[in-house]
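These notes are about the structure you will find just below.
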Amino acid sequence: MSNFAATITIIIVVVGAIGLILKKNLLMKLLSLSIVNTATILFFVLVVYRPGDRAPIGPETVSQYADPLPQALVLTSIVINFGVLALSLLFTMVLVKRYHTLDLGKIEKFVKEEFEEEKS
Amino acid sequence: MLILFSLLLLGLALAVLMQERLLNAVILLGVFSLLSSVIYFLVGAPDVAVTEGAIGVAFVTFIYVLALSDQGKLHVIAEEVPPFLFQEKGELQGLELELLRGFAKEVNLELEVEFVASDELNSLIGGRRADVIAGAYFPGYIPEQDLNNTRSFNKAQLSRVVCSEMEGRRTGILPEVEFLKSQKGSEIDMEEESPFKVGEMRRITRHQDLEQEELVRFNSLDRMVDAYNRGEIGAFVADSGRVSNALYKINTPLREKSQIVALGEVEYGFAVSSDESDLLGDLDGYLERLERSDRISELLDKYLR
Amino acid sequence: MIGLLAGVTSYIFAGILSLLFSRYRYWFSLLGWLGASSGLAWSVILFRDSGPVISSLGSWGKLGIDIKIDETTLLFASLVVALNLFTLLYLRGRREGTFYALYNFLLTSVYSVAFAHDLFNLYVTIEFMSLVAILLIGYERKAYQIYAGAKYLLISSLAMSLYLIGLGLVYRVGGYLRIGELARSLEGNTGFSLTLGLGLMVAGLAVKGGIFLFSMWLPDAHSYSETVVSALLSGMAIKSGLIGIIRLSELVDWGQLLLVLGAVTGIMGALFALMSDRPKKVLAYSTISQVGYILLGIGTGTSAGILAASLHLLFHGLFKALLFLSVGAAGVGGKDISGAEDLSLPFTSKAGLLVGSLSIMAIPPFNKYFSKALLAEQVNQEWVWLVMLAMGLGTAMYTLKLNWALIVESRTEEFSKNDPSVGAFTVAVALSGFVAWVMLGTTNTVHLFALNHLAVYISIPLVGGLVLLGFGKRFSELSPPSFPFKLDNAMISLFFGFVLIEIILLIV
Amino acid sequence: MEMDNFSFSVKKTFTVIIVSLFGGLTISAVFLGRSPDTARIGRLYLERGFELENISNTVFGVYGMFRFYDTLLELMIFSTAVLGITIFSDLEPSTRTRGEQMIESHVVTASASFLYPIMAVFGLYLAFSAHLGPGGGFAAGVIGGSGILFLALSKGAEEMGRRFNEHTMKRVEYIALVFAMLAMVLGILFPKLIFEDLQGIGVIIVVNMAIGLKVFIGTWAILHFFVKHRGEV
C-alpha cells in the first residue's frame, strides 16, 4: 500500500517537473519546483514506510517503529529546499526589478542583449 | 487513507499548476504543504510533520505572499498628457483617470498610476509591473505582438503645426507618429466614407508628406515644443490632444504665426498585455457599456470641449 | 577525522570572522588556509602510515557518518588548498567581508566533499557547495549573472531531487547509507530498482559535475561570473559532482556507461569551445570537454584508472584556474578574440596562458601529460582510444586558436600591469608536472617517456595546428547554439540524459 | 519567437514524453524493489537510540547526535541563504508608494499581538523538548521567527526593524553558529564524554537552543527582507 502512495508522489514529481519546464512565468516555475521538492521528500519517507509503523518515540519493542533514519535525513532536506527557495525568490526579485517581467523568454532575450552590449 | 490523501495531494498539485492568478496558486501550495504534513503524521513521522508545518506551510507561504502582495492592484502606466491623464497639485486628474477609476471599481482592483516616458512604455508592460497602458495612447503604437489593444473611446485629428516663417526646416515627430508613418501601404482613402468601426484605426491619408521631409524624433512633447520654440524645427506633427497641449507652451509671438493642418485621423484607446486576456475582455466590455450609455460623450464634453 | 575537522572548522571560522570583523578579512582567510593545509598534511601523514582509511565521525561506529582518506581525497583536498592559496594571492585583500565569507564557505563545502563517504553526507555537502556557488555567481548583481545563477539554482535543485529519489530507492534495497557498508550489502544485487536508483543518483551528480546533456547551465554560469569565481567553480566546484561519481563507482560496475558519457562530453565540449570566440566562454566549454577525460578514467573501472581520473581532476583544476586568472587579470575574458589586435595583455598573463595551454594540450613534461598518459594505459577499447585522440585534437585546436589571438596577435602591456600572483601560479603549475613525475615513481614514468608516447603527444597539437590553419576561417564563422543552454531546454536535456543513462545501463 | 524552429507544441510533447518516461521507470523501480527487513541501519538506530535514557525521540538521536555533522552543514546552508538575503538587502525598496501598515484590520492586529507570545513560548518549548518528542531547534527557530511576523503584523514593519537592531542580531546569529560548531567539534572528538558521561542532556538542550536562536534570527532576517521589498515580484 505504501508502494501505491510512493507511486503517487512520483506522479506528483512528474507533474511538477512538467510544470517546471513548460510554465513561462518564472514564479510559476518556482512553485512547480516547490511541488517537486515536497513530493520528493514525501517519497523518501513513504518508500521505506511499512503499514502500521509508529513514530519512533518512546522505548518499546523495536519492530513496531518506523525507520528513524529517513525522517532525520528529510528534516535536513526540507531546510535545504527552503534555502534554495529563498535564494531563487531573491534572484527572481532582482530580475523582476531589472526587467519588470516574469516571463522567462523575455528575460532571456534581455539578458542576452545586455551581455552583448556590455562586452562589445 | 494514505492513498486517499496522496490522491488529494496529486489533485492539489494539478490545481496549483492550473491557476491563472499567482496568489491563488501560492495559497494552494500552502494547502499542498499542509496536506503533506498530515501525511507525515499518518506514516509515523511527527518530527517531519512539525518541521514541514513550520517551514512549508507557514514560512514559505508567508514569503511568497509577501513577494506578491500587490496583486490586487490595477497598474496603469502612462505618459503624462493633459487633459487625458495628468497630475495637478499632487492629484491625478483627467479623462482617462475617470474611465479607469470606474473600471477598477467595477473589477474590484485598486488603481495605481505610474507616469513614465513614452519610450519606456514598451519595456514596462507585461509581467506584473503594469497591466494597462494609457495616456492618449494610439492602439497599435507599440509594435509588440504581445500587446492587445482595447476598443477606442475617442477619435482625434492628427495635425501638423507649422510656423509660416520657418518653411524648409526639419519637422519634429513623436515616436507614436513615427509608428504611423511606418504603416504605409495600409492607408485608407478618406474620400471613400467607410462606416466608422470602433476599435479600428484610421491611417494617415497624406503620409507621403511626411516621407519627403527630414524628420527629427523626440521622445517627449516638451522637448519637441522647446525645440520648436528655439527654432530648431520648423514644424511638428502630433495628435490633436497633444497639439492643444503644446499650443499652451509655444511662445506667444510664435503661436500667432503657427497654423494647424489636419493630416488624418487617429484613435485613442488602451493597451493590455496579451497574457491578460480576461482583463482585455473586461475593459472592452466596460468601454462598450459606457459608449452605449452616452457617459463617454459626457466625459468628452467635460474634458475636451 | 582530525584532517577533516581542522579544514572545515578553520574555513567556517574564517568565513564567520571575516563577516564579523571585516577589517581583518584577508588575514582570517589566510588563517583558514593555514588550518586547512595543516589538516591536509595530517591526512597525508595518516595515509602514508596506514594506507586508505575509513573512519566514523564521532566514533559512533556503524551509526555515524563515514569519512574516507584515499588518493582521491588527498588529490582533491590538495587542489582545494592550492587554489585557495593562489586565488587568495590574486584577490590580495580586494572585495568585502561578505565575499570572503562566501569564499570560505565554498572552500568548506568542497573540502568536506573530498572526505565524504556517506551518500547523504555527499548530498548535503554538494548542496551546500551549489548554494554558495550561486551566490558567488550572482555576487556582482549584473542581470546576466543573476540569470545564470537562477538557471543553475533551478536545474541543480531539480537534479538533487532526482538524487534524493535515487537515494530512497537505494536505501530501501541496501539498508545503509555509508558507502563501505552499502557496497557489502549490495554485493551481487543487480535488481532493476538498484540500477535505476543509482542511475538517478548519477544523473543528479552529473548536473553538478559538468557532464554534457546534464550541465547545460555551466557555460553561462562560468563565463558570466567574475574571474576568481570562474576559476574556483571551473577548477574545483564542479569536481565535487565527479567525486560523488567516483564514490558511487565503489558500489556498482558501470560497464560502458561512463565511457559513453565521457566520450560525448569530451567531444561536444571541445566542439563548442572551438566555435566560441570569447576567452571565458572557450574556457567554460573546455571545462566540459576536460570532464570527459575524468569520466573515461572512472569508466575504466580499475584503481589505476580512478587514480588517473583523480590526478586529472587535480591538474585540470590547476591549469584551468590559471587560464581563467590569466585571462581575467588582463581583463579580456569577455572580449571577442577575432579583434585581438586591439587587446593588450601583460607579460604574466601571456606566460600563464602559455603554461596553461601547454598543460591542457598534454605536452610532456607538463602536468596533464602524466594523467592523460596514465589514463591511456588503462584504456583497452579501441573506440575509446579514437575518442581520446579526437578530444586531444579538439583541445589542441581551440587552445591554439586562443593562444594565437591572445599571445601572438595582441600587444604586450608595460611592466607595471603584471600580476605577481599570476606569475607565481604559473611557476607552480609549470612545476606541478615534475611533482607528478616524482609522485608516480620511476617505474611508471620510464614507461611514460617511451619514444612512441612522446611522438603521439607532441604530434597531436601539430596536427591540430595544421587543421586550424586549413579550416580556421570555417570555424570562426560558426558560433555555438544558444538553444540547448536555455533554462527549459537544459531541464529537458537533463531528463533526456537520465533516460539515456537508464537505457545504457539496462541494455549494454 | 525565440524558440528557433522548435515550436512550442513539439517542445510540449517531447517534455511530456521524456518526463513521463522518467516517471514510468521510477514507478516500476518502486514496485520491483524489495525492502529487506533485516540488516538495516534503521533498526540499529532504534536499538541504540532506545538504550540512551535521555533521548526518547530516536529521530532526534539520529540528527542531533549520530549524524550531527550533517545537521551542522544544514545549518551552514541555512546561514548561507540568510547571508545571501542580507547581501541583497540593500536593494532599493520599491519606488512606488505603499501603505506603511500591511494590514490595518483591527481583528488581525489584536489576534496577532495575542498570538505572538504564544508562538514564542511554543518555539521555546520545542527547543527544550526536542529530545523527548517531535520538534527540534530548527522548527523551534522557524516558529519563533514566524512569531516575529505576527509582531510585524500587529506593530508594523518599522517597529519591527527598531525592536530588532540589524547589527546586533547579525552578531548574535553568528555567535550562535560558532557555538553550535564548537559543540559539533567537541561532540565528534569526545562523544563518549559529552553524550554518555556527562549525561548529554544539558549539552543537547544548549545546542538546540543555539540552533534555535540562529534559525530564529535567520528567519527574522529573511522575513524582514521580504517585508521591506514586499510586492516586488
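Each chain carries a letter (A, B, C and D) given by its place in the written order, and its residues are counted from 1.
We take it that a contact is a pair of C-beta atoms (placed from the backbone, for glycine too) under 8 Å apart; a residue touches a chain by one contact, two chains touch by 3 or more.
Because the structure is a prediction, the values reported are computed rather than measured.
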{"item": "Of B-D and A-D, whichever chain pair has more C-beta contact pairs", "value": "A-D"}
{"item": "Inter-centroid spacing, chain C versus chain B (mean Cα positions, whole Å)", "value": "50"}
{"item": "Centre-of-Cα separation between chain D and chain B, whole angstrom", "value": "43"}
{"item": "Distance from the mean Cα position of chain D to that of chain A, given in whole angstrom", "value": "15"}
{"item": "Distance from the mean Cα position of chain D to that of chain C, given in whole angstrom", "value": "31"}
{"item": "Junction residues of chain C, two or more chains touched", "value": "120, 124, 127, 131, 134-135, 141, 165, 169, 172, 177, 488, 492, 495"}
{"item": "Contacts with 2+ other chains: residues of chain B", "value": "45-47, 51, 55, 59, 63, 67-68, 128"}
{"item": "Sites on chain D at which at least two other chains make contact", "value": "1, 11, 15, 19, 22, 26, 30, 35, 40-42, 45, 57, 59, 67, 70, 74, 77, 80-81, 84, 88, 133-134, 136, 138, 222, 226, 229, 232-233"}
{"item": "Pairwise touch network: line, ring, star, complete, or other", "value": "other"}
{"item": "Touch list for chain D against partner chain C, complex", "value": "4, 6, 11, 14-15, 18-19, 21-22, 25-26, 28-30, 32-36, 39-42, 44-45, 48, 65-70, 73-74, 76-77, 80-81, 83-84, 86-88, 170-171, 174, 177-178, 181, 185, 187-189, 191-192"}
{"item": "Partner chain A, residues of chain D touching it in the complex", "value": "1-2, 11-12, 15-16, 19-20, 22-23, 26-27, 30-31, 35, 40-43, 45-47, 49-50, 56-59, 61-63, 67, 70-71, 74, 77-78, 80-81, 84-85, 88, 91, 132-134, 136, 138, 222, 225-226, 229, 232-233"}
{"item": "Of all residues in chain B, those that touch chain A in their complex", "value": "2-3, 6-7, 9-10, 13-14, 16-17, 22, 25-26, 29, 32-33, 36, 39-40, 43-48, 51-52, 55-56, 59-60, 63-64, 67-68, 123-124, 126-130, 275"}
{"item": "Chain C residues touching chain A - in the complex, by the definition given at the top", "value": "120, 123-124, 127, 131, 134-135, 138, 141-144, 146-147, 149-150, 153-154, 157-158, 160-161, 164-165, 167-169, 171-172, 177, 224, 278, 334-336, 482, 486-488, 491-492, 495"}
{"item": "Complex contact set, residues of chain A against chain B", "value": "1-2, 4-5, 8-9, 11-12, 15-16, 19, 23, 25, 27-28, 31-32, 34-35, 38-39, 41-42, 45-46, 49, 53-57, 65-66, 71-72, 74-75, 78-79, 82, 85-86, 89, 92-93, 96, 99-103, 106"}
